[in-house]
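The same subunit A turns up in both complexes below, where it pairs with subunit B and then with subunit C.
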Partner chain A sequence: MNVAEKANVVVDGVGMDFAVKGGTFTALNDIALTLPRGSFTTLLGPSGCGKSTLLRIVADVIQPTRGTVDLFGMTASEARMNGLFGFVFQDPVLLPWRSALGNIELPLEAQHVPKAERRERAMAVLELVGLDGFEHLLPAKLSGGMARRVAIARALVVEPSILFLDEPFNGLDELRRRQMNVELQRIWSATGTTSLLVTHNVADAVFLSDTVIVMGRNPGHIIERREIDLPRPRSIDNSLSPDYIAHERALTALLSDDYKTRDD
Partner chain B sequence: MRALPRPVLPAIYFVLLFAVWQVAGQALAGPGAVLIPPTTIIETMGTRWYALLLNAGITLAEAGQGFLIGSISAIVLTVVVDRFRVVGEGFFRLALVIYSIPVIAIAAPLTATLGLGTESKIAVAALSAYFPVLVNLTGALRTLDPRIDELGRVLAMGYTRKLVSLRAPAVLPALFSSFKIAGPAAFIGAIIAEWMGAESGLGVMIIQAMFNFNVPLLWTVLVVATALNGLIVFLFDVLGKLAAPWHDSSKAIA
Partner chain C sequence: MSILAPRDQRLSLPSWVVTLIVVVIALVVWQIGITVAGTSANVLPGPVQILLGADWLRVAGAAANTIFSTLLGFAVGNFVGLALAVLICASRTFSDIVYPAAVVVRAIPIVALAPFITLAFGRGPGATVVVAALIVFFPTLVNVILGLRSVPAEALELLKVINAPTVFSYARVRIPFAMPSFVSALKISAPNAVLGVMTAEWIIGGTGLGRLVVQSWLSLDITTMWSAVLVSALVASVLFSIVGLIERALLGWAVRT
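Take a look at the complex of A and B:
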């Protein structure tokens, strides 16, 4: 079997132009990447490198100007319409009039899943993200960490073929963020869902990923692809060890080079 | 100094206002007086309570029917404007133009066309009510958090599903805010239409009191109408809180 057949997601020659006053602005150019089935891949880069745009292109939220996206032999649009996507936004984006459980059931309603099955599946994911007992709380009563767990549960409830994570732990304090990383790793291991994370945080990228794709700016492009061969499960304690630091150092160096060469 | 509870200060102002009003009204008392003291108004309410109740009921019924017609049309029009941007934009402009006609100017031809019955009053009330609902609701839908749209897209929701599950509940507070404007507008519209010719209603009472130089009755109707207006606002405030209890405790989208 060759690599292409095993591959889940293949992005090829993708570029994105935006119309601006007096011409076009190229946000992304010549992006090619492959996400193997069941892997955890991170797009790491500074603000403005187009990593969120790339994520949205793969998730068919926006259409690229150039290039193709192939998910499991389908176009991005077909995959989305088939309900294969789970998406976690930068902020939880929960519906404040629905309980935690109601928010998690939302994607199943869109897929016309019967009520009893909806409830059952939502409760199962709720348990997976460690929120059992809090199912009837409204979002206003949830802490930041809990709200993000609900957002992750809502993405996972459809048993997605691919999970998109757009800086999901933005705005959490340092310790809470590390704890959520551990949680996310546990959930990912339990479900085996192919995952694509966007972050500017080097430590998060190393901790969570099988592969880190470092991106640079002007226009957004891929600088390097780095495999993170650290054993799993990874823990907060381990994450301070030299192996982790070596990866963080290498990634930081790549990012710094980009800043030096592009910020004149 | 310790802060006073919130309703205390306005209450003090009201008491002061009434006291000054009472004193000034009594000082200027006499035939042809224009400032009627509150005690006289209360007295008039006592003697004319049946006529006031009857006419207020008639005006409220007209305003209520007009409000229903106006706000339901506005909600339907809002969805049309939202769903079909190009066609909808034309409707929206037309709605703006219609609203630019002063109520008092449109009340006359409507009364001439629809007659002196309740139909003309309901029509004017409806015309007064639809606009605040249309503008507020359209605005609320357009300024919704764009991530709501992204969520709907990622979940492969169609237009209707997205409207019902995500967008409509999110604009519920805005809808009830618009009712707080549209309700009194319908009420005032009904009164104005009654001036143009009607058999009964608060507007008719005002006209009759004016022609008979019955200044105390004029003031009494004014106070009753103001109180009813306040009551309408209060009613929609309460209904809005019941319909969207989550609204005050959080942002539109957490």
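Take a look at the complex of A and C:
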């Protein structure tokens, strides 16, 4: 991957206003953060704190009202045009008429990658996410967890420099979600892709992240940045240990404070 | 998945057999009804009288013309509707120009346009094709626009993230997502295309079933008139069924159980 020397992702002074009836609504204000290359960072916050909006700004899906985003020395738009992005959405958004493999090949097809190479790369990531043998199934035949794996594979097939994850395991049952977290950790370790996750789930944030950025509402802002120094690989068993609980407690306290001060 | 008994355990006949039985029952009831009521054969003959008395050679010739015009009008109207819908969704400016124009064209009653159509396309099959296309294109336009706009927001974001070219987005994602809406429109327009052709034949001219209905009515050949009515219904039904078969073959992914 040809990325410039400047290896980090730097968001500076980002704000987002939306026009609403009778004025503007500030969704995000004065956001500054740095994602070290290869790190796993999570934006943790309640609904309406603008974390998904921030994710979309970094991914150049929407443009901020204020501020700058620098990805590896490029603007967000340049990075997107260069095919550096992988994005996993809240819903897997698989094309229902395409097989698992066909869905994974979509981003390569859009970039006119030759068919043989497309097939080879798609099969490789299919294996990485543990779906070999299921490549010809249509999305309707896939379980929720399998559909999420396909969505992750589709994001990874372009060998992205940064992986965006917007509550990717929403709607899965508790145990399945924990298993998918383990899978995601394994995939992240195998690829070393800089990752930015959005979630409102404290346990997911602690389990997956190097760094958790806690966000609050009205307007969306960063409350605190917390390093999760737990050893890897992390497992479901460990995640019930006091070290994990301590992090979860601290993060929950930050979120609760925000609720108290803002809701009254 | 059905919560009812598995399909193979339920008493079920192939649906075409059921349809056939229903049609036969309807014909029998019709025959018995007019016999019992003593209806004049000059108003409503029974199926047997129609079968024996109609000038089937003329009906067949007229039906061939109507079918030809219907298929052509159906194809042209739906193609134009589909193409306009895609362009309207792709370009705001195009939408601002064309959409109101399409609404106006649709708002003018076809009957009012008949003289113009006659002047422009003559009294032959050209005019009937144009009328059928005019009737057909609008529901397709509206439905396909709806389909194109109902593509999940995250699918559109995905296309942006993977930096997909516009043509690719439409060809591989947006238009396929709109296909179920398009096929719904085809189902509406299949009988409408027959209606359009027969209306045109009635008010403008031509050599199809619409014309035959008028001619046989005026010459009091009521059995032939009724045979033309039945055949036109048959044509519309068959066209509708063909669309259904295409839907099942191509859009299995969209069928919810």
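Everything that follows uses one rule, which is that the second predicted complex is superposed on the first by the 257 of 264 C-alpha atoms of A that agree within 3 Å, B and C clash if a C-alpha of one lies under 4 Å from a C-alpha of the other, contacts with A are read in each partner's own complex, and residues count from 1 in each chain.
What we mean here is this: a residue touches a chain if its C-beta (ideal position, glycine included) is under 8 Å from a C-beta of that chain, and two chains touch if they have at least 3 such contacts.
What you are looking at is a predicted structure, and each value in this text was computed from that prediction instead of being measured.
When both complexes are superposed on subunit A, subunit B and subunit C clash. Contacts of A:G83 after superposition: both subunit B and subunit C are touched. Once the two complexes are overlaid on the shared chain, A:V61 sits against subunit B and subunit C alike.
Judged by the document's definition of touching, subunit A residues 56, 59-61, 80-81, 83, 85, 87, 89, 91, 93, 95-97, 106-107, 109-111, 138, 140, 164 lie at the interface with subunit B and also at the interface with subunit C. Here subunit C touches subunit A in the complex through residues 152, 154-155, 157-165, 168, 172-173, 176, 251, 253-254, going by the rule given at the top. Contact residues on subunit B toward subunit A in their complex (touch as defined above): 145, 147-148, 150-151, 153-157, 161, 165-166, 169-170, 172, 244, 246-247, 249-254.
On the side of subunit A, the complex with subunit C involves touching residues 56, 59-61, 80-81, 83, 85-87, 89-91, 93, 95-97, 106-107, 109-111, 138, 140, 158, 164. Residues 56, 59-61, 80-83, 85, 87, 89, 91-97, 106-107, 109-111, 138-140, 142, 147, 164 of subunit A touch subunit B in their complex.
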